[in-house]
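Every chain is named by a letter (A, B, C and D) in the order it is written, and numbering of its residues begins at 1.
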Amino acid sequence: MENLELTSHDLEIDSLGPPKIPSPLGLSQVFGDNIANYIEDAESVVLELDAKKIEAAIKKNGYLPAFIKAGPRNTIFFDPSKTRVAIVTCGGLCPGLNNVIRSLVMELYYRYQVRTIFGMRHGYRGFVSKYALEPVMLTPEAVKGIHEMGGSFIGSSRGPQDIGEIVDCMERMNISILFTIGGDGTLHGAEEIYREVEKRKLPIAVVGIPKTIDNDISYIEKTFGLETAFSVAVEAIRTAHTEAVGYPNGVGLVKLMGRHSGFIAANAALALNEVNFVLIPELPFDLEGPNGFFAALKKRLLHRGHAVIVVAEGAGQDLFPEAMQKRDESGNMMLQDIGIFLRDQISAFFKKENIELSMKYIDPSYLIRSVPANAHDAIYCMQLAQNAVHAGMSGYTGIVVGRWNGEFTLVPLKLANSSRKSLSPEDELWLTVVEATGQPFTMKNDGAQE
Amino acid sequence: MENLELTSHDLEIDSLGPPKIPSPLGLSQVFGDNIANYIEDAESVVLELDAKKIEAAIKKNGYLPAFIKAGPRNTIFFDPSKTRVAIVTCGGLCPGLNNVIRSLVMELYYRYQVRTIFGMRHGYRGFVSKYALEPVMLTPEAVKGIHEMGGSFIGSSRGPQDIGEIVDCMERMNISILFTIGGDGTLHGAEEIYREVEKRKLPIAVVGIPKTIDNDISYIEKTFGLETAFSVAVEAIRTAHTEAVGYPNGVGLVKLMGRHSGFIAANAALALNEVNFVLIPELPFDLEGPNGFFAALKKRLLHRGHAVIVVAEGAGQDLFPEAMQKRDESGNMMLQDIGIFLRDQISAFFKKENIELSMKYIDPSYLIRSVPANAHDAIYCMQLAQNAVHAGMSGYTGIVVGRWNGEFTLVPLKLANSSRKSLSPEDELWLTVVEATGQPFTMKNDGAQE
Amino acid sequence: MENLELTSHDLEIDSLGPPKIPSPLGLSQVFGDNIANYIEDAESVVLELDAKKIEAAIKKNGYLPAFIKAGPRNTIFFDPSKTRVAIVTCGGLCPGLNNVIRSLVMELYYRYQVRTIFGMRHGYRGFVSKYALEPVMLTPEAVKGIHEMGGSFIGSSRGPQDIGEIVDCMERMNISILFTIGGDGTLHGAEEIYREVEKRKLPIAVVGIPKTIDNDISYIEKTFGLETAFSVAVEAIRTAHTEAVGYPNGVGLVKLMGRHSGFIAANAALALNEVNFVLIPELPFDLEGPNGFFAALKKRLLHRGHAVIVVAEGAGQDLFPEAMQKRDESGNMMLQDIGIFLRDQISAFFKKENIELSMKYIDPSYLIRSVPANAHDAIYCMQLAQNAVHAGMSGYTGIVVGRWNGEFTLVPLKLANSSRKSLSPEDELWLTVVEATGQPFTMKNDGAQE
Amino acid sequence: MENLELTSHDLEIDSLGPPKIPSPLGLSQVFGDNIANYIEDAESVVLELDAKKIEAAIKKNGYLPAFIKAGPRNTIFFDPSKTRVAIVTCGGLCPGLNNVIRSLVMELYYRYQVRTIFGMRHGYRGFVSKYALEPVMLTPEAVKGIHEMGGSFIGSSRGPQDIGEIVDCMERMNISILFTIGGDGTLHGAEEIYREVEKRKLPIAVVGIPKTIDNDISYIEKTFGLETAFSVAVEAIRTAHTEAVGYPNGVGLVKLMGRHSGFIAANAALALNEVNFVLIPELPFDLEGPNGFFAALKKRLLHRGHAVIVVAEGAGQDLFPEAMQKRDESGNMMLQDIGIFLRDQISAFFKKENIELSMKYIDPSYLIRSVPANAHDAIYCMQLAQNAVHAGMSGYTGIVVGRWNGEFTLVPLKLANSSRKSLSPEDELWLTVVEATGQPFTMKNDGAQE
């Protein structure tokens, strides 16, 4: 859906009721006193930036689609002294999980004086009695130092759990706010929990914090962990380059995360500009043929004697003889291993061409997922967490905390779950990749390009 | 000046003449072909994001202030085969200088086929004959690997040079485009060069790439090097924290860059959330008195036994007995050393109070300035450089490449030089700092707050 | 062979003739003048450290086996103004190659004033005409900055080349000293070159610098790159630990280098003490059975809920159904992939036992081999290179530069090539591993232990 | 004292009495069973390595001086079930403190089943009642993860405390073994405690673990933290180099630790070979005069345009007009700040000479002291700690755990405290520095050389 086609209905957010309790934050409501102001519900963040398009949209619809701005409100819904919070992390590890956990705790504890915060163990399993997982009591002392460590302090797990059981457990525990930190599957789960809570008319706010190292959540311009991921991926690219130039006709092939989107691959390739080919899910390519990838790679090798290739794990899935459609425990489509496939196919091609090749294949996966957040993500995680707390305490529910045009927003779970974000080959990011690598715009034999 | 008060005149940019040469980039002009499109001059980036304010501004002025968008144009002004380029870096070292230099060279050489690129040695000195500095010929081979090193490959220097001499030299060298990479002083110099070039009616484009580790250039939301700077500053904060908790009543005091703005200090304090006080130029504070800094620090120490303080170098300048107004070679006001001052004043205060203190002072300055760009800045530098090349080749002049709301823009030098950007204590960034540190909104004794 | 059984014949070294040219180094021959002294040929480094054993050996043999000490001699064999040097790097990349190359060049150029230094491209291939690889002229300017990069500046390759052709080429090039930097295969090659040179009575010194990241060269207590390797391997172990504790019954399995020896695996496991099992080539183990590895792992998982395993690539080769005996281009036995094997076997075992398992397998290989030397190895490489130059200039030949009991030594190639060094399970290093991991001394079902 | 002049009396170590309890470690006493063996008291490590000198010494004295080897004994003195241990860290922070603490706890707890381990807070203060510092109970759970953090988990402090009070406290607490981790002052304190314990005939073992980042403890070839220190110091040197080459006549001056010895300065300068001058306490130098430092620096600048200088903090103390003899709380002589002094003197010299200078001064001090141990030191700390536990459990007392010729040893406190180790300008380490920097052997004007 084009951004300017969104209606106010798509963008409006739900709340548990009018917030009547004065915020304990002590912020201001005037400018000029050097004290930050509360955010008002009317404040917003427009989706489009082009002046001409904005003027045309207003002219046409009398309306400019905009996200509601996140931030502290001057009244809140929950009485802090009675508020009980649950935090849960699901799915694969991602840099920044511990930063989010710690910042949620610090903000709840010190700024809102909330004293009862449960860390549910190992994802949604923590709510399900058969797993017998005791929650961890989260206090500033308990979370001391965890932001310097990778992984999740409260553990994670994959796969869905029974929504009814989860909500039963939240009722038993008398939870006021649930913060779910997770990706696609997790946020769909959060949406279902939100609906079940609504059905049962429970005063529980469900607030998502989007976690996907792949950065593929719609209407959220960047998810945490992405910056750390491509920063660490640079090591793999440096390795690939070093190995490639070290041997006659050296090829370094790096597989990076990105099941449906090439954000990590593209950014990593830009961050260490020694890459000659970036292959992403959004842009299909042929192997054989005059315009195919092999021809381009051969040309590069004959010309320069070495090459570095970065491939996102979801790229080239159409190249496999038949898609063996399997899904993992979390319901994600199981991808064929394009890294191993390319490694073997490239080797076979050059063997056939009788050209010597020194192929080095690098799959850094967990070495990226498990690191602590870098400085950029550490800040971002803190801001996401603080805004999630503001939203939850104000009684907003069925939402995720998002970011758009550099501002923090509140996005309905339904909208965030409506589709998957991907990198457009016509965006500036991809143009930068093409300019930086010198690779052809497309490597398909049909059609015109190149 | 408020963003919405800018007129189209403030935002319009100068060019050497109509670009008539077809771009060699081979981009597209239609959507849907998986090939990035050329940017049109009419594309823009609005300055404000709030829907209500935007609607009101259009209603009132019939006009929405917006930057012209940077990016490749489908026609260019300079004939690549005759284009001669000069690149210069001035002022203090800053992470990313070499990335910008290398990306300028790569983009000019490989995308526009420009073959004559001079690296002027040691800043504007490189244009002045008395220094006898031969320019370096910049080719892809010459700049190989420099993006992995800190500093400036072509050297830098401080202080202004004679504008006439610089332009004389450019005439002699038959320069088509000058790329100046530098901060406040450098961009003022660039503006003067641009005016002299205009006066002499020379066909030379002057394109600035804003470099200030302090991030204090107006109408540019982030300068390169900032992200690397606060990422590295984290090491100093970790040190301060380790030393502070290691001894009875330990205090770790870290001085960071920021002559007029607290961006590095604020971001670093957020990136490693072990900081209790952040002191910045934008927010004056008292040392003594019931609301002063010493009282707050004493309270912290008595309560927790250790404290970490981050001070920006430009903070608290009003605390010095008399401002010894000196300026350095580049014309920048020479600041008093607030780090040493605070170290001594804090020690004296606690001695007077008869409270034991273990004070550790850390000034990482050059250790931050001299590192290579991190992954984030590496990408940003490349994008700035590519956009600078697009602008220069298209004949735009008297501009800097900027960024606003996440998009690359072309900003008149005059506007960028019109004022200095600072961190508002009422912005969300500072609110995040206050929430993360727990420090008082203000530490002034007079009146409510400042 | 036991150290004390070595005879003086085993330890003596060959030279091209009496060195008659005064050294240009300007060292001293007296103590007390604050100037280092030349090393005399009579200086030595004993092989054994135990006083009782030493006394007994002298009593028995009248002789104490000792290496000849490396270092600058006061007279040299080659006239620097006429000396022509060739440097070659062979085999897999290893941290420190560029440090050795650069230090050889700096020492030859600045200390001995040797001006003609060839970097042979891509290993011994560089001497063989059919590959048409032009040597690189190595000067201080040419090797500037290479010590900050991984890989080999002059390239490497695998596999043997014709010894006669190599020596023919050296004759044509009028080489005085050949420095070969490489491991097992390379040093055997060097020994053959040395014998061919001897046969032809050429005045060419052949000096080896031992390079094996596995640290398995006899009579050399540590090869360069080992320290860097296990330092970087720590990242993989941290990842394995983070993933293991992040999920229910998490197992992190890390495969590290070590074809015949467990030095990297053992040291890495000590360097980040979160490892529960280290499996090395020197210590066979059973998978099944009451004392087998699976039983020990199961016990650990049931007790603690997570485990980290480090396996050296050469471990457990006897576990494969039949050893498919293949050799690579360099003649090294091709190992079965114990990492993949264990990953699958462990998963199968726990599936059979009906115990949930979250298995994460990490193979950092190239990410370790390709990094620059760390500080420790940088120093070590420099010292090896300086001592290699001293030895070569003095006309010693058929040797490698070694290290023993913390001193630099000159070791006959024949002795270094005589066997392969391995880690004894009864050494202190392995005891430290057993104490640090808590793993059983042995995991074999036969025999008594444990 | 020359090593071969030590008598067996100097090297013998004290014990609380015959160890009668079988070790719980389950090691072996035979070779060939793949299980490490207990160490016997007769095993030793000779002090000298030169075969000729050894033979001569035996001939002359009938005796070869050797340290007693550290390691597990097959009988121990203390009954683990009744053993109560105290651990204390004193003086400045040093990388590895937490590794030693954790390894002591892990070894005591898991290998010897000792369950009562006190971490005394803030050095010897923790024993003195007026400070009211409760000890921390140290368990594997309590020390989880501390090896990944710098500083001291149990805190440190400077300055001596009353020996009688310390021993009183140990008696009250019924301590069996005291592990003191500290440098010069701390080990002298430990020796006094040992004597007081002996006087009172208490069954308390006093075991030191030598901690001095400066590496200046006699008869111990390397103290922990040194490797980490020079590894991190490399960053400062890289910075100095980057700044030096970035400006006309750039000079980067780095002050490193080393009050009485130049080990850190020398090693750091070798580890990043971009240093032109290393100034250390062991080698006095003149500033002025034809052979002085200024002349050498001027020559370098005129020749190359930039220079990097590393100065150890204890260097050049004779250059200060009058030694203001002050001592700090720990009784260490307070040094004049040679870094600031040189910065100013060099600037003044070149001003006088009318030569432009761009001087950058870098003092990384705490940034080095506070980091976690690197991989090398992590292993070394673990080995020191394990050997300290073996020694303490066996009832050895009045000792420090040392290292000599690559082996772990037991060194009488008296011997370790007898003098201070320094770097001899005639050692190979310094020769390597001179060869790597190209600096003159001496920079004194008088006579030959010093």
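Just so we're on the same page, a residue touches a chain if its C-beta (ideal position, glycine included) is under 8 Å from a C-beta of that chain, and two chains touch if they have at least 3 such contacts.
None of these values were measured; they are calculated from a predicted model.
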| item | value |
| --- | --- |
| Chain whose Cα centroid lies at the greatest distance from that of subunit D | A |
| B-D or C-D - the one linked by more C-beta pairs in contact | C-D |
| Same or different contact residues where subunit C meets its copy subunit A, judged by the half mark | same |
| Centre-to-centre distance between subunit C and subunit B (centres being mean Cα positions), rounded to whole Å | 47 |
| Rounded Å distance between subunit B and subunit D, as computed from the means of their C-alpha atoms | 43 |
| Centre-of-Cα separation between subunit D and subunit C, whole angstrom | 28 |
| Junction residues of subunit D, two or more chains touched | 149 |
| Residue ranges of subunit A touching subunit C (in the complex, touch as defined) | 93, 122, 125, 131, 149-152, 155-157, 235-236, 238-240, 242-243, 245-248, 360, 362-364, 366-367, 369-371 |
| Sites on subunit D touched by subunit C in the complex | 25-28, 31, 33-37, 42-46, 49-52, 54-55, 58, 64-66, 69, 71-72, 102-103, 106-107, 110-111, 147, 221, 227, 230-231, 234, 267-268, 270-273, 283, 374-376, 378-379, 382-383, 386, 405-408, 425-428, 430-432, 434-436, 438, 441-442, 448-450 |
| Partner subunit B, residues of subunit C touching it in the complex | 145, 148-149 |
